[in-house]
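I've put the structures underneath this note.
Two complexes are shown next, each including chain A; its partner changes from chain B in the first to chain C in the second.
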Partner chain A sequence: MKTITLTLKKFSSIALEFEELIPDTVYNWSKEDFENYQVPIGNTRFPLTNYFDIEVEGDAEGPEDVKMILDGDMSRVKYIGYRMTAGEIIVNGDADLQAGAEMIGGSLKINGNAESYVGREMRGGSIEVMGNVREYCGTSYIGEWRGMSGGVIKVHGNAGKQLADCMSGGEIYIGGSCDILAGIHMTKGYIEIGGDVTRWPGGQMKNGTIVIKGKLSSLLEGFENEGIFVDPDIEGKQLTGKYIKYKGDIGVNGKGSLWLNAEKNRNLL
Partner chain B sequence: MAYEEPITDYDHIVENCTCAFCGSNCDDLDFLVKGNHVVGVRHACRLGASKIMEDEDQRLKVPMMRDENGELQEVDWDTALDAAAELIANSVRPLFYGWSETSIECMKKGLKLTEYVGAVIDNQATICHGPTVQAVQNVGYPLMTLGEVKNRADMVVYTGSNPMNAHPRHLARYSVFPRGWFRQRGRFDRTLVTWDPKFSDTAKMSDIWVPFEENGDYGFCNAIRAVLKGKELKEDVISGIPKQDIIDLTESMKNVEFGALFFGLGLTHTLSKQRNIDIAIQLVQDLNAYTKWVLLPMRGHFNVNGFNIYMAYEMGFPYGVDFCRGYPRYMIGETTTVDLLNRKEPDVFLVIAADPGAHFPGGANMHLANIPVIQIDIHWGPSTELADIVLPGTFIGVETAGTSYRMDSVPIHMKSAIDPPETCREDEWIVNELYERVKKIKEEAK
Partner chain C sequence: MEYILKNGIVYDPTHNVTGDRKDVMIKDGKIVDNVSSDAKVLDVTDKLVMAAGVDVHAHIAGPKLCVGRLYRPEDSRAGVVPKTDITRAETGFSIPSCSATGYRYSRMGYGTVTEAAVPPLEAKHTHEEIMAIPNIDVSPLALFGNNWFVLQFVKKNDLEGLAAFVSAWLKLSKCYGMKVVNPCGSEAWGWGMNVHGIDDPAPHWDVTGGEVVRALTQVNEMLGLPHSMHVHPNDLGHPGNYPTTIGTLDAVKDVKKNPNVIRDQTIHCTHLQFHCYGGTSWRDAKSGAAPVADYINKNKHVTCDVGQVTFDETTTMTADAPMEYDLYKLSGLKWANKDIELETASGLIPIIYSPKAPVNALQWAIGLELFLLINDPWQVVLTTDSPNAGPFIRYPRIMSWLMSSDRRTEMLENEVHKWATKRTDLASLDRVYDWSDIATVTRSAPAKILGLEQRGHLGVGANADVAVYDIEPENFDATKASNASVIEDVMGRAAYTIKDGEIVVKDGKIVKVVPSRHMWTNVTGFEEQEKKVLEDIMPMFNRYYTVKFENYKVFDHYIDPAIEFKIDAGK
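Let's look at the complex of A and B:
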C-alpha cells in the first residue's frame, strides 16, 4: 500500500490540472518524481512543489494499491481522478471542476463541496461527495448524447441543475435537494433524490428510473400516471412508503419511470 | 416622429453595401458619400443607419496607453503594439474575447495568435446564443435560409425575441411582409405569432400572442409535444396558458404549409437555458411529421454567427475554445469567458470588437479592472474605461471590406465605401502585428 499525501501550501487562482496525477500514473513514483513533476497551470507548467508539500509512504505494485490524499482547499484543482481506473483518492476540502470525470474504476471521496461536472461521462468506480455538487453532475460532454454509463455517485448535500443529463447507466444518490431537469434525456440508470426537486425531472427521458423522496414543485405534461404503489421494489431497491408512479416522457415516446413520494406530493393524488 | 428632409447633399452613392449592425446583415444598403464621410444611408433601419452615420463623435482614432496617473494618453503604434505583445507573451492564462463585429479574415489571424500563445478564444455567443449552439450540438439543427421563409412561410413564430426593436428589418425583408414566390400577398398570406411573456412591439402587431409565464418556456413546449403525441393535457393551465389555447395553437401549427420558428435570448437565457432550445428543436422535428417546419436563432451581432461557424470549421468547437494545453478544448463553465473571469483566472484580457464593460456581470468586470486589458475597437465605450492599451481599428463594412455570416449562415461579402482615418489600422493588421511581435519575444526568450 502506498500513501501519497499532497498538502496545499499555496493557492493559485489559475486552476491546476491534475489529470496526470492519478493512481494509474503515479503508483511507481518516488518522492523525487513528484518533486520533479511540473503541473499544468494555464499555458505553462510549474513545479508541483510550488503549491504542495509532498509525502510518499510505502510501495505499490499497481494503481489499486495507491491511496492519494489531497489536503486543503482544492477549489482550483481541476480534473482530480480524471479517467482513473483503480486506487483511491481522498480530497479533504472542496474540489474544482471535473472531479472524477470519465472515471473508469477506483474510488474518489470529497470531504467538501464539488464544482460542476462531477463524474462527467463516468463509466465505473465510485464517487462520494460529503457536501454539495454544482451543475451537470454525471452528465455528458456537450453535444454527446451518452452521459454517465456506469459506477455510483453519492452526494450527501444538494445537486445543481441538469443532474445526469443523457445518463445511460450507473446510479446516482442525492441526499439533499435537486434543481431543475434532473435526468433530462436519460436512457438508462437510476437516480434517487432524497430531498425536494424544483421542476421538471426527467424531461425528454427515454428510459431509466428517477425516484424523488421529497416534494416536487412542477411536473411535466409528458408524464402519465400509472397508479400508486406501496413499498415498491424498484430495480432491486426496496423503498418504504407510498409512491406515485409516472411513465414518460411522452414527447419522445419514453418508457422511463418517475416515482414520487405520495405523502409529500399529495397535490398530485 | 418628425419628418426628415431627404438628403440631397452628397457626392456619390455606393450601392449594395452591407449593414454592420444586427444579424440580419441587410446587404441592400446604399451609402450616400460626401468627402469621405457617409452622410446618408438608404434602406437601412434606424439602428443600422445611425451606427453607420453617427459614428464620428466617439470614434477611437489613435493608439493609447495608461500613464502612471491612470489616464489614457496617446502613444505611437509601435509603443502600443510592443507593450501589448509583451503582456500577451508573458501571460499564463490569456483570454481573447469578442470578434463578433469584425471580419472572418481578422478571426483567422486571431486564431493563429491564440494557438501560438495557448490562450482561450471566445466570442459574444458566450453571453447570448451559446445555449443555442449547445442544443444544436445535442439534437441537430432544422435550419433554412431566410429566402425560403420569404418565399414559403405561411406561419412565422417569434419567441423570446422582439425583432421590431432588435432586428427591425427582419419582418420587412425576410419573414412576414415581403411578397414571396408562394406568398404573393405578403403579410396577408402569413400568420404572425409571438410567444412572449411581454406584450412586446412584435406581439402588438402579431395575429396571435401567447403570453406564457416567465421561465415557463420548457413546460409550454413540452405540453405542445405531448398534444402532438395525442396525449390529453391534465392541468387546466400550463405555464400560464389555458389548456384549450395550447390545443388550438398546436392544431394550427400542424395545419400550415411552411412554418418558421425564430427565437432569441428570451429563450436561451431563461431558467432551462440550452434545454429550452433543445426542446424547441425537437418540437420542430415533431411538427415535421405533419408539415414543414424550420427554426432559426435570431443572432445579434452581424458576425457572431460567423465566429461560431469559423471556429467550428477550423477547430471543431464553436466558441469558448481553450488552447492552454496546446490542443483545443471546450467546456461550458470551464473555458467560457464569464466563468473564467468570475473564477479570477485570466491574467491578460484582449477584447476586440466587443464591449464587456457594458455587457458582463459586475463580478466579471471587477476582475477585468484588476488585470491588464487590451482593447481593439473603433468606438469609445465602457470597455475603454477598463482598457490599459487601446488600439483603434477600422469599421468593417464601411471602411474595410470583409466576410461575415448572416444569422442563417449565408456568407456575405461586406464591401468598403470610404477610407479609414489615417491614424487607424485594420483589425486584421493589428492582430497579425501582435502575432508577429509576440512570436519575436517568445523566440528571443528561447
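Let's look at the complex of A and C:
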C-alpha cells in the first residue's frame, strides 16, 4: 500500500489541473518524482511543490495499491481523479470542476463540496461527496448524447441543475434536494433523490428510473400516472412508504419510470 | 528555390509513368526538366513519388462546417493536438478546425481540395474559412440546383439567360464551378416535401430535377467552365434509387462537350455510393452498383467519385435537407436544419457507421464495388464525401482496401455484417489497385475531372505540388492483408509534401504553413447579357432576399490570395 499525501500550502486562484495525478500514473512515483513534476495551470505549468507539501509512504505494485490524500482547500483544483481506473483518492476539502470525470474504476471521496461536472461520463468506480455538488453531476460532455454509463455517485448534500443528463447506466444517490431537469435525456440507470426537487425531472427520458423521496414542485406534462404502490421494490431496491408511479416522457415515446413519495406530493394524488 | 527529388519511384499516370526511377525537378514553384547546380537535392531513393493529391469533393469550409462545430462540441475534443512553433492547435475528428483541415490534408500529401457545396448567399463565410485553412488550394463549387432564378430560367427554357446568370453568380460568389444537390428536392423541402426521381416537379414550380440538371449541364458546356456539371442526384440514400442515378446521367448524354476544356466528361456524379441502392426498402435493400458501373463503363461522358463509407462516427452535412430529415427519423440523433433563402436548404446530423450494422456494411461494400466494377480508373475518384461517409483522414485506409483483396476478404469474413457478402458482389471481386491506379484515383483523374491542367501530374510546367511517401513500392507487397495497416500509416504521413515548390511537410510533420488560394472562374464574353439578367431579376432579389444586393457579393479581399481562371465564353 502506498499513501501519497498532498497538503496545500499555497492557494492558486487560477485552477490547477490534476488529470495527470491519478493512481494510474503515480503509483510508482517517488517523492522526488512528485517534486520534479510540473502541474498544468492555465496555459502553462509550475512545480507542484510551489503549492503542495508532499509525503509519500510505502510502495505500490499498481494503481489499486494507491491511496492519495489531498488535504486543504481544493476548490481551485480541477480534474481530480480524471479517468482513474483503480485506487483511492480522498479530498479533505472542496473540489473544483470535473472531479471524477470519465472515471473508470476505484474510488473518490470528497469531504466537502464539489463544483460542476462531478462524475461526467463516468463508466465505473464510486464517487462520494459529503457536501453539495453543483450543475451537471453525472452528465455527458457538452453536446454528447452518451452520458454516465456505470459506477455509483453518492452525494450527501444537494445537487444542482441537470443531474445525470443523458445517463445510460449506473446509480446516483442524492441525499439533499435537487434543482431542475434531473435525469433529462436518460436512457437507463437509477437516480434516487432524498430531498425536494424543483422542476421537470426526467425531461425527454427514454428509460431508466428516478425516485424522489421529497416534494416535487412541478412535474412535466409528458408523464402518465400509473397508480400508487406501497413499499415498492424498484430494481432490487426496497423503498418504504407509498409512491406514485409515472411513466414517461411520452413526448419522446419514453418508457422511463418516475416514482414520487405520495405523502410529500399529496397535491398529485 | 530549386529542388531536385533524386531517385524516387515515380507514378504519374497522366504521362504514363508507372514506377520509373526518375528525378523530379522543381524551380520557382513549377516542375521543370532542368535545374541549376544550386538546386537542393532531396534524396528520395526508392521512395514513392507522386503529384500531390487532389480531392474532387469534400466539405471543408462554410456555414455547414461552422454549424457542425457549434453543434458537435463532442467531436471537437476527439482530435485535439497541441500547438507547435509552426502550427496552431488542432481540434476535431469529423469536423476539424480550419487549420487542422489544412494540416491534415497536407500531411496526407494533398495539395488541392474542392469545397463541394457553397450557397452563394453564404459564399463570404466560405471564403473566410478558406482564408483560415492553410496549405491547400481550394476550388469552391456554388449551388445552383434549387435556386429560384435558375428554376425560373429553366421553366422559361431560357438557356441564354441561365448562362448569363451562372456567369454572373460565379463572379459574385467567387466560385470555381457549378454544383447541383437534389435538384428541386431541397426547394420542395421548403414545403416539408421532397421530390422522388428526376421527373417529379418541385411544388409550385412545375420544373423537374431532370430538367434542371440538363439545362445547367448545357449552360456549363456553353460557357466552357473548366469543371463539368457536378451533381448529387435525387433520392440520395433511398433503397431502389439507382434508376434515378442512371436517369440523371442519361439525361445529359447528348449534351455536347465544349471543345476548349481538358476534361472528358460532361457530368460528374458525386458520392455515387449513396446513389446505387437496389431493392424497395431497407428490408430488402441490395447493391445497385453493377448496373450503374455498367452504365459508366459504356458512357465516357460520366465520371464519379465514390463517397466510401469508412466505419466511423462522423457528421453528415448536405444541402439535401429532406434526406437529413429522413436520417433523423431513422437515428433520432440531434439534427440541425437550415434554410438558405432563395437558394437551397441544408441539414446536419451525426451518424455512426458500424461494421456490424447491416445497412452500413452494405454501403461500405457498394462503395468498394464501384471502385472495382468501374473499369477505367480515370472515371472514378477516391472520396468519402468528407465528412459524410467518413472523414478525409481515412483516404489511406481506403487505399489499403483497394490494394488488397485479401484484406477485403478478411473484413468480409470477420469484421463486417453478412449483408456485405449476401447483398453485394464484393466477395467475388478480386481486382486490386496498383500504385498507378491509386495515383490515378487520388490525383490525376480528379485534376483532369476538375479541369486543372497544372495539377495532378508531374509534367514540365505543372505546379510543383509533389508528395513523397516513405514506402518502397518495388519491395512492398501491397496485396498482403497484413500490409494494409502499413499502407494506411505511410500514406497518412507523407515523407515530403511540396506545395508550389515549398516543402510544407517533412516526415509527416508540418514544417511550413502557406496560405491557401481561392480558385474561381471568371467568365468573359457575357457582360451584356449579365447586365440584362441582373436588371431582370433584381425586383425578385430585392423582394425576397434578406440581404441587399450590394452586400451579397464576395469582395476581393475575401479571396486573397486567389487563382483566377479566365474563360472566354465567346470563343
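We adopt the following convention: the second predicted complex is superposed on the first by the 269 of 269 C-alpha atoms of A that agree within 3 Å, B and C clash if a C-alpha of one lies under 4 Å from a C-alpha of the other, contacts with A are read in each partner's own complex, and residues count from 1 in each chain.
Keep this in mind: a contact is a pair of C-beta atoms (placed from the backbone, for glycine too) under 8 Å apart; a residue touches a chain by one contact, two chains touch by 3 or more.
Bear in mind the structure is a predicted one, so any value in this text is a computation, not a measurement.
Three-chain overlay on chain A, with chain B and chain C in a clash.
Contacts of A:243 after superposition: neither chain B nor chain C is touched.
When the two structures are aligned on the shared chain, A:259 is found in touch with neither chain B nor chain C. When the two structures are aligned on the shared chain, A:98 is found in touch with chain B, with no touch to chain C.
Touch criterion not met for A:190: it reaches neither chain B nor chain C. Within the superposed three-chain model, A:18 lies out of touch with both chain B and chain C [touch as defined at top].
Touch criterion met: A:145 reaches chain B and chain C at once. When both complexes are overlaid on chain A, the residue A:82 reaches neither chain B nor chain C. Of the two partner chains placed by the overlay, neither chain B nor chain C lies in contact with A:52. After superposition on chain A, the stretch of chain B that runs into chain C among 56-64, 92-100, 272-280 or 308-316 is 308-316. Taken together, the two structures place residues 141-143, 145 of chain A in contact with chain B in one case and with chain C in the other.
Looking at the complex, you find that chain A touches chain C at residues 140-145.
Considering their complex, residues 13-15, 17, 40-44, 76, 78, 97-98, 116-117, 135-136, 141-143, 145, 162, 180-181, 184-185, 199-200, 203-204, 218, 220-222, 224, 249-253 of chain A touch chain B. Listing the residues of chain C that touch chain A in their complex gives 71-75, 77, 333-334. Looking at the complex, you find that chain B touches chain A at residues 91-94, 117-119, 134, 137-138, 218-219, 222-223, 225-226, 228-229, 231, 233-235, 238, 271-272, 275, 278-279, 282, 286, 323-325, 330-334, 343-345, 347.
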